[in-house]
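Some structures to go through are shown next.
Presented sequentially are two complexes of chain A, the first with chain B as partner and the second with chain C.
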Partner chain A sequence: MFRGLRVPGKGIRPSPNPARERLTRVGGRLKISLLLAPAVLVIGTLFIGGLYAALIQSLGYFPAIGQTEMSLSAYREVLSSGYFVDSLVLTVYVAVASTVISTTLAVLGALALRRSSGTVSAVVFQIPITIPHLVAAVGIALVVSQTGLGARFASALGLVGEPSDFPALLYDKYSVGIILTYVWKEVPFVALVVLAGLRGVAAELEEVAQTLGANAWQRFWHVIFPVIAPGVVAASLIVFAFTFGAFEVPYLLGQDFPTMLPVTAYNDYRSIELSDRPGAMAINIIIAVITALFAAAYLRLSRSLGRG
Partner chain B sequence: MTAKLEIKNLSHRYRKGEEFAVSDLSLDVEPREFVALLGPSGCGKTTALKVISGLLAPTSGDVLVDGESILGVPPERRRAAMVFQKSLLFPNMSVEENVGFGLRMRKAGREESGRKVADALRQVRMDGFAYRRPGELSGGQQQRVALARALVTEPRLLLLDEPLSALDANLREEMRALVKRLQREGGYTTVFVTHDQEEAVVLADRIALLFGGELQMYDEPEAFYDRPASREAARFFGATNFIEGEAKNGSVDTPLGKLRLERSASPGETTLTIRPEAVRLDESGGENSFPATVSSATYLGTQVHYELEASGVVLRAALPPHVRLKKGDEITARLPAESLWALE
Partner chain C sequence: MNVGKKRHNVWLVLAALVVVVPFVPLVLWAFAGEWRFPELLPTEFSLRGWEEVFSGGNRVPEAVMNSLIIGAAATAASVAVGLPAGMAMGGYEFRFKGAVIFLILLPILVPPLASTMGIHLTFIRLGLSDTVFGVFLVHLIPTVPYTAIILTSVFADMTGEMEEAARSLGASPWQAFRHITLPQAVPGIAVAALFAFLVSWSQYILTVLIGGGSVITLPMLLFSAASGNDPVITSVLAILFALPALVVLVVALRFLKGDDESGVIGLGKPS
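The block that comes next holds the complex of A and B.
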């Protein structure tokens, strides 16, 4: 009975043409794939190709020395050796210590600087990021070695007798020099991630919490931390993965034995015995697997924190 | 629970050398009173509210609650709950946890807290949503929860910073009624910031009009229509007719002739104002009437807006739609004595 009131074509969405929509969708996907192709090609060749080569060598496929049969013997040998276990323990210790210290200092630093101007945080946090790890390692060595600036200052201030009495912080069993370098380099990285979260909605939520009667600690624990947690977790995951697998700083500042896993793998790789090569590759694959496992666990945690 | 709020000579600027965002503001808000801080954006109303809440420290002046200065009291101990333009619900907490936040921070007992949260949710008609996350609520529902979260703490002062401006028109009207009802029932001393004069008129017992950080007028809503304090105040409330003249012997000499006012003006030069909807057509030519020409007409459905020209003065008139005039018509207009107001 209301047919007369209807105006054909007015207020009604025109019926879609499914074939045309599908074509547009396919065209869009093709465009994205083509745009991504160069990056995927480079990453695929260098990363996945490299990983594949390492994997088959670790399984004993090494035609250069006449080995073409695949087996897990390199893994058995590596996992049963004492030096590997010592190396693994040292690596986990350095990576965990560097991550925990960096993250804690970064969160405290970001909380302290969150109300400062952008210039202050740029100077404090962004400059160390631009300095390569290698340069940072040399800088730390110049400051904390027993002949370095720190030792001379401590001696001049009467804190130690001679500069050589300064505690050995390089090439030591606690890897203090390595951890210091990582902390110096990674605090700014984590802090910038935290700072971005703090300057966004967290600042407004904190004001609300304050007017509702929350004191400084309650505001941090109940309001700010849950907001910044996904960022903190993601950033600390990157720090952990990096410090677990990085080579140059432990190579420069680490003790001779045990060495961290990447240095152990490098030493085995450089061995004059080509038969050590599958063992070196097995260590590399183990590093990759451990890092990937941590990445997966952290990402899962990060997602559940994000959901609150 | 209800408190008297006094703001004394309050000034605030964000940085040295900058202009004052709020300048020498003084206001008294009586217990249980609902005051609207009204003004265009950037007039300093939110700054004033943040100073009252303690989120900003004033450059000078004082804020007193029940006669005692609260400047030294941190925001978390002022019991001045604030609701913002955005609902700002804690995203990691359910609706129930959000509403109970203030009570938990105060370490209220679980039973007391549960009862008060349930009551507050019922008051804002959100009792079926206790376990939802903020992301699962609409904008209006989120703002209702934010309101409940503030009220459950039984604040001495309720500070509302444009809480309805992000909502669409229908929802805004519904929320206005809710805010008004809750404020009346709870008797909270309330300061409400808004740039919407209609909202201020509907909700507030008194309105403080701010321009450029300075208080222009502080009075009951009707006064802003009947007896505005300044040309700016009159214009903000839609009075667009200003007639210059000189007051003597109880009437005012103007280019339109001698106009009589019901409320006499002090002698000397003055500006008269009248609202467009108070202008009348009067063929009988009584008191305060004069010939005028229609220079434009705009049909708005429920009203027609006319521009009338008389002796070099342009007047705006809003007349009901059944009076249909067209450009060029010669008419007799009348300015009723009871609707004319002489600005100070």
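The block that comes next holds the complex of A and C.
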């Protein structure tokens, strides 16, 4: 306690948490740097270093094959090629569809479930969050394939005769299997964010609105929605960034052409032609820049939430 | 009130059913002997898939071993690195805190595939590609951020009053950390460790890129089975692959009892 007085705090900022403010004075700049150093070193070397390597390779820097001149030609080539545009359109479509469907279902689900047992709904929601995407993809595939559980039920109901009568939902141009897998995985994630909001301030405010005579729709639109909206937006930013850049599910359940951007980058990277490598890296950098923008938007939003 | 409660339970049951649906064919196929279209249930049950997977003469034991070793190593390293970072970010205010959090959060949202492809050439030059150690290193790209972020929320929730009391009674900073802070943080550290393991266990493409086919892990076997034509083997492998997630789930829920949602949000969504 008295230590804080002996060392006149430099840069003490007003903090809402008095306990944290005390810690601020004890913790010196050196101590904090040392605490952060290992994590910053690991992420700086492997992640930022890797991105830097991808960047210079996208510029055509390959000393191993005698290429040391850098240019933007890989970007020009990629951006003007039809397959990149098709791939980008598909990626944006899958990410937007997964995000919009997940968010809508999550808000509706959270509204329906907010008064049910917290523990039970936590278990139900935690399962899809914890299960690996690959397992979810295989399970969904066995449900929606043309000989899957869905087709068998359709057949039992007399809706289809042959497997081929059932719509192709895997490897299809609408990427139904991919989107279904993402929706199954991400709805609980968004729903938990919404539930946390609903069980906090919103519940009290809603009661006040109810006693003041607001109807159900008014209560939702004027009371609940403004409270949960920032959390919903933050969660959907995460879902968009993730579905935009994830590899496994589209690699397993996606069509052969066009493929989603991460799969396109991987295929180009594995191509025997070394000249495809800068293009693959250029796609990687484009994915990284887009997802980083979403990460920045998310962080900005969640920090302003923290302050408010 | 009673009617309202019932209606909420109906929704809960519906949600539970949707969550369970993908597991139904996995479990049925794993024990199916014969299951032709359009039968709703297998007409014969058998343990063929399990016998085949556990009979040896395949790469399953090797893959499970590799997944466990890499997962355990990545977990240990992530906690060692993430714990101090979590203490700093959760417990203190400092300059450039926003930038540091952004840096540490970034690998969760920017797919690690991009940096792994970029670093691949360097790994080849350093002799790290096609090795278990190299795969362990790239697994740290997603596991360290998850661990650090979870531990940040753990330390942010602590008030620091106990440490303060210990310090004013003459405890050294190390004693206060060792006897007060650390024991309080143990449940949070356990959750962070479990999720780090799960994130490593679930990695597919990073392992493929850096392992180059020399380092086989369970998701790689599952992937090739799923691209093939045997739903029985695929389902058995998928269930094996999902097991640690179910264990983590049970343990994590015990630790998170009470204030579950707020804890859960910090966990994000390992893939």
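In the analysis below, the second predicted complex is superposed on the first by the 265 of 308 C-alpha atoms of A that agree within 3 Å, B and C clash if a C-alpha of one lies under 4 Å from a C-alpha of the other, contacts with A are read in each partner's own complex, and residues count from 1 in each chain.
As a convention for this text, a residue touches a chain if its C-beta (ideal position, glycine included) is under 8 Å from a C-beta of that chain, and two chains touch if they have at least 3 such contacts.
Every value quoted in this text rests on a predicted model; they were computed, and no experiment measured them.
Aligning the two structures on chain A places chain B and chain C side by side, free of any clash.
In the superposition on chain A, A:Val227 makes contact with chain B only, while chain C stays out of contact range.
Of the two partner chains, chain B is the only one that A:Glu207 touches; chain C does not reach it. In the superposition on chain A, A:Asn215 makes contact with chain B only, not with chain C. Comparing chain C and chain B on the residues of chain A they touch gives the larger count to C. Legend: residue contacts after superposition of the two complexes on their common chain; A:Met70 is shown touching neither chain B nor chain C. Contacts of A:Tyr266 after superposition: chain C is touched, whereas chain B is not reached.
Overlay on chain A (Cα): least separation between chain B and chain C is 6 Å.
For chain B in complex with chain A, the residues that touch the partner chain are 53-55, 74-82, 84, 86, 88, 90-93, 101-102, 104-106, 133, 149-150, 153, 159.
Listed in rising order, the residues of chain A touching chain C in the complex are 1, 3, 11, 13, 15, 17, 19-24, 26-27, 29, 32, 34-36, 38-40, 42-44, 46-55, 57, 64, 109, 112-113, 115-143, 147-149, 151-153, 155-156, 163, 184-186, 188-189, 192-193, 195-196, 199, 238, 241-242, 245-248, 251-252, 262, 265-266, 269, 280-281, 284-285, 287-288, 291-292, 294-296, 298-299, 303. The touching residues of chain C, when paired with chain A in their complex, are 4-5, 8-9, 11-12, 15-16, 18-19, 21-26, 29, 37-40, 80-82, 84-85, 87-89, 91-95, 98, 100-119, 121-122, 137-138, 140-141, 144-145, 148, 159-161, 164, 167-168, 173, 198, 201-202, 204-205, 219, 222-223, 226-227, 231, 234-235, 238, 241-242, 245-246, 248-249, 252-253, 256-257, 260-262, 264-265, 267-271.
For chain A in complex with chain B, the residues that touch the partner chain are 201, 204-205, 207-215, 218, 222-223, 226-227, 308.
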